[in-house]
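As written, the chain order gives the labels A, B, C and D, with residue 1 at the start of each chain.
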Amino acid sequence: MAEAPFRIAILGASGYTGAELVRLIASHPAMEVAALTADRKAGQSMGAVFPHLGHLDLPPLRRIEEVDFGPVDLVFCALPHATTQAVIAGLPPLLKVVDLSADFRLEDPAAYAKWYGGPHQAEALQAEAVYGLPEFYRERIRDARLVANTGCYVATALLPVLPLLEAGAIDPDEIIIDAKSGVSGAGRAAKEGTLFCEVAEGFHAYGVGRHRHMAELDQEFSRAAGRTVTASFTPHLIPVNRAIFATIYVRGEAAEIHRVLEARYAEEPFVRVLPADVAPQSRHVRGSNFCHIGVVADRRKGRTIVLATLDNLMKGASGQAVQNANLMLGLPETAGLEAAALFP
Amino acid sequence: MAEAPFRIAILGASGYTGAELVRLIASHPAMEVAALTADRKAGQSMGAVFPHLGHLDLPPLRRIEEVDFGPVDLVFCALPHATTQAVIAGLPPLLKVVDLSADFRLEDPAAYAKWYGGPHQAEALQAEAVYGLPEFYRERIRDARLVANTGCYVATALLPVLPLLEAGAIDPDEIIIDAKSGVSGAGRAAKEGTLFCEVAEGFHAYGVGRHRHMAELDQEFSRAAGRTVTASFTPHLIPVNRAIFATIYVRGEAAEIHRVLEARYAEEPFVRVLPADVAPQSRHVRGSNFCHIGVVADRRKGRTIVLATLDNLMKGASGQAVQNANLMLGLPETAGLEAAALFP
Amino acid sequence: MAEAPFRIAILGASGYTGAELVRLIASHPAMEVAALTADRKAGQSMGAVFPHLGHLDLPPLRRIEEVDFGPVDLVFCALPHATTQAVIAGLPPLLKVVDLSADFRLEDPAAYAKWYGGPHQAEALQAEAVYGLPEFYRERIRDARLVANTGCYVATALLPVLPLLEAGAIDPDEIIIDAKSGVSGAGRAAKEGTLFCEVAEGFHAYGVGRHRHMAELDQEFSRAAGRTVTASFTPHLIPVNRAIFATIYVRGEAAEIHRVLEARYAEEPFVRVLPADVAPQSRHVRGSNFCHIGVVADRRKGRTIVLATLDNLMKGASGQAVQNANLMLGLPETAGLEAAALFP
Amino acid sequence: MAEAPFRIAILGASGYTGAELVRLIASHPAMEVAALTADRKAGQSMGAVFPHLGHLDLPPLRRIEEVDFGPVDLVFCALPHATTQAVIAGLPPLLKVVDLSADFRLEDPAAYAKWYGGPHQAEALQAEAVYGLPEFYRERIRDARLVANTGCYVATALLPVLPLLEAGAIDPDEIIIDAKSGVSGAGRAAKEGTLFCEVAEGFHAYGVGRHRHMAELDQEFSRAAGRTVTASFTPHLIPVNRAIFATIYVRGEAAEIHRVLEARYAEEPFVRVLPADVAPQSRHVRGSNFCHIGVVADRRKGRTIVLATLDNLMKGASGQAVQNANLMLGLPETAGLEAAALFP
């Protein structure tokens, strides 16, 4: 590529999604890392914080206020939920931003206030933000200034279910999402609950009945159905680094569901609908930007089991973010994202 | 215990459930191992096949036909599904047997033939067999000659659901069981699908829509409901050695469901109903004979999520088998089964 | 056992070794839990902190100063290194104590000061403390008031090497210990380095050349050899919950080494020397109090590879502590410790 | 790249190294897959055998005799050890071959016969084969017709040790290699020993004192030292998919060793010598073609611990093979191999 690469800043580069963004940009044909921030680790090299990136020529970690955003073309914001609103409000007003937090995903300020326990701090930005699921908002993302990247659990549910709601192929009142996540979704902060010994050799559900991602599900499901949809959603923790796997129970015919999904995703580069009756495996998308979807008829007549899996750090976070950025920068949507999964 | 211990034979001692039976009997106050069989490993010591048992004074592995069943009080039969019928038919006619295979679990020979692809080879024994879930068939098990141990997946579903069907607390037409199993449930036979690299760092569903254990579920659910019940059931593989975890979606009120389960299991030694809204973790029952059950209200009104977990080799197989044997031999039901879980 | 059980207090019951002590005492024929302390979790139930122990009838977690030590027969002290000295100095002066920390393991106050960066705070107690490796200090432990439990890494090295030094079967100047530990050895404190994602799917060495446990190794190796011994010791982290595995390279003949070890441990209940050329596996001692030792001739003449493994929470900590307590209380040394390993 | 890509055949594409070659070639700027063979799975699609590659446009699996090697530029031979000799002898005589088996690694037919239990079946080819460690045989590899890819264990030992032997920085008679491997090194064949339950939650040594890779070590160490060298080598199995980690104990000064290695690898693209006293972690090279090397002074004077790690399927097999092929085809040595590691 003869032209100069786009210059990228990553805010919150000391977390797993930040590191994954650096990994992706390092082999991206049209992007380069211009700035990295991490408040508590400012002054350190990225290689000290993430030795797997130690061979790359990267700028040091800085505090956000030390960054000159003048020559920056696009910012990935990978900061913790709730701290993001003020940060993005403080960036130069025309700078393109892909935000990986949950802060700008809910269009309705009231929904935000209800689920996050307080009013939104940047409602004007919220009004401007485009929901970042490229398979459904591609054209709006191309023109967006601020894109709110879809969450990893939610992306795994939306990709298989939205086309079914749009097509009227399933009953909107009978959607149950049994979701399972790898541990990297919880981030790199030191917490008892994500210690190796609290996760390995076991399995459990958490946040049952009250997980915040439900607000995002409601919003998108309802829009697709043209009416209010409330789905059941139960998150579990799998003792693996990377994965989201959703087993989705719906009322609808398997053959039609498979047909709708195959047609809907025939031209999509990152969503693969498997042959009928084939169940996906999370290990087959590990490290890649793919989402694999399977459809199997339930033994109860008129019911179907839809299974979907993706890598929470890739299609569920940083890979999707790069996909959005490619659209915003006028690049080929798949640039830098074509690597196959790492198996085993 | 002053009296001589009961003498136990284990058929199929070279598998994981066989080894687990030996482990349990080794610390059982009223049982001792009298004979061990393993056709392909006949002649070897148990310590060679399972070094974790190498310190025990055990008889060598023999072929079944080499065993003198005269002094044996009870047989655990841990042979592969389908090979068991002929073996048990060939044992001395009054010998007590706990069978860990699926061969005698289905009362209806037609159901057996449908799910297992051929007629049952020992229908008279089938008619005599008692279904081995002590919490529901305790009195019949005490008097039984042949007990068909409940399967691990099925036990994890029956324990939370049967009381709800019996009490009419849930809609029998709306039961979805999203089940997850550790890998030891697949046994020690060398197969590509259970190689470390095919299981670790990933998650997948298998046998979706057609798993054989559904027949057992149907039988017991239907009996409890007093009508035909067909539940959805999806098995998944977790990258852990031991665990079954079931997330069960039902139509019914959480408060009533919790009340029914608490009342039903108040006196049961091995079933613990957690406080309302607390989800269990499989690691907290690992290596123990406990089943932990949690109840959480779904966000959809009138729906509830019931979560249950047990160790597939213990309460799901060998621990439950010893519990049945205790009943059959007139011993305290909890003898040899009181160890707490091994965590972490 | 007709007599009243000994009453046991556990200080630091909210850590993994504390929980393991509770698990062991729960099935111990002559001990019962009289008091549990955990400063930061005081007021909580043990079952809330460790749900796998939730079925037991246990006293609540208290602060140490709230405990009435009057009726207590023996204290297990499972507090962090360095905080222990003041606590034990403050206990009733005749109370028996097994300390699981490193605080009283070094006889020489100067060695303590060098390795731990400051003077010992309870030198009189240090002078009284007996080093708690029962296979070597059994008689002194029987009469001891304060026993300093051997560390997990160190126990795994001492058990195979001490007899060889005592017998003059190896060159004291050529001992290399390549040691590997499971993650529970690092405790339950929330630290980035023991998060699941920092440990799973990988392997690394840590503290190379400077691990504190070397002081303890030096002390015991030197005593056994009758001269100063300095061994190489490299700790690594294995992505498992429980295990220590030591691969030990020595100069000496394999046949003699195997003979010495077999003879030395022929009567020991918890140390098993495997047949010549058989390597142990950590999974075969998981959850048990056994140490398995293997001896294999190196391909370099006159060199031998000695391999040893134990469960860091059992023979490396809480199991060994109960073994010491059994001796101190005049109980059979194996009481409550005879469970076979949990495999798989 | 305007020119037509080189056309590549992979023999033995149904194993893990075969799949890894396909993954690498799929994103290689100058190679394309022209043929795939797998005798037992002939007729299947690669996507059926390895679903993580299902999105690629690949030829079906065929039997070797069905392949037209006319338009093929280079063959990767990823067949089991010992079956390879006849296969390669039967290929068109000028076709370039990178062999990933052990069959052509030993220059001395007598050494081969001793370690592999029978005479070599293609001694003429053996005489022609070039040992495939690019960092040491780069120029010969450029001109080679047949390259014998270095084994994964051996590469991890050779990269840190060869420069030290060449420089005379260590005593050739005092080299101990404590090596640990991930499970994918054992391949995809179904064997009891690599079942999940036999590997997870544990650690063990295997083949102690007699592993075949020692012959390769001896050959290369001896050449570098200019005299016969016999090192100790103990392989262990880590419960991870991908990794080799070697802890190497040598007699020599740490400062000099570090200096020699830094100088030797300053210009090498795939070998990174970490700062003094920093130990590598296998997870930081997972999925990449890097080898990370650390140097730490032992506490015994004049001794040093050298630590090296790589991904056994990448720099230990398929990545190294592509590196060799790049050299043989006149391509940039790093083409298609620049991806950073996948962490976590």
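Going forward, a residue touches a chain if its C-beta (ideal position, glycine included) is under 8 Å from a C-beta of that chain, and two chains touch if they have at least 3 such contacts.
These figures come from a predicted structure and were not determined experimentally.
Listed by label, the chains that touch chain B and also chain C are A, D.
A straight line joining the Cα centres of chain A and chain D is 36 Å long. Computed centre separation for the pair chain A/chain C is 45 angstrom, with centres defined by C-alpha atoms. Per-chain CA centroids place chain C at a distance of 40 Å from chain D.
Multi-chain contact residues, meaning those touching two or more other chains, occur in chain A at positions 16, 184, 197-198, 200-201, 239-242, 280-281, 283-284, 286, 344. Taken as a contact graph, with one node per protein chain and an edge wherever two chains touch, the assembly is complete, since every chain touches every other chain. Chain A makes touch with chain D in their complex at residues 16, 19, 23, 26-27, 50-56, 184, 200-201, 241-242, 272, 274, 280-281, 283-288, 290, 292, 338-344. Interface residues of chain B facing chain D in the complex, by the touch rule stated above, are 16, 183-184, 188, 190-192, 194-201, 239-241. The touching residues of chain C, counted against chain D in their complex, run 176, 178, 180, 197-198, 200-206, 208-210, 214, 230-234, 236, 238-243, 245, 247, 249, 277, 279-284, 286, 294, 296-300, 303, 305, 307, 309, 344.
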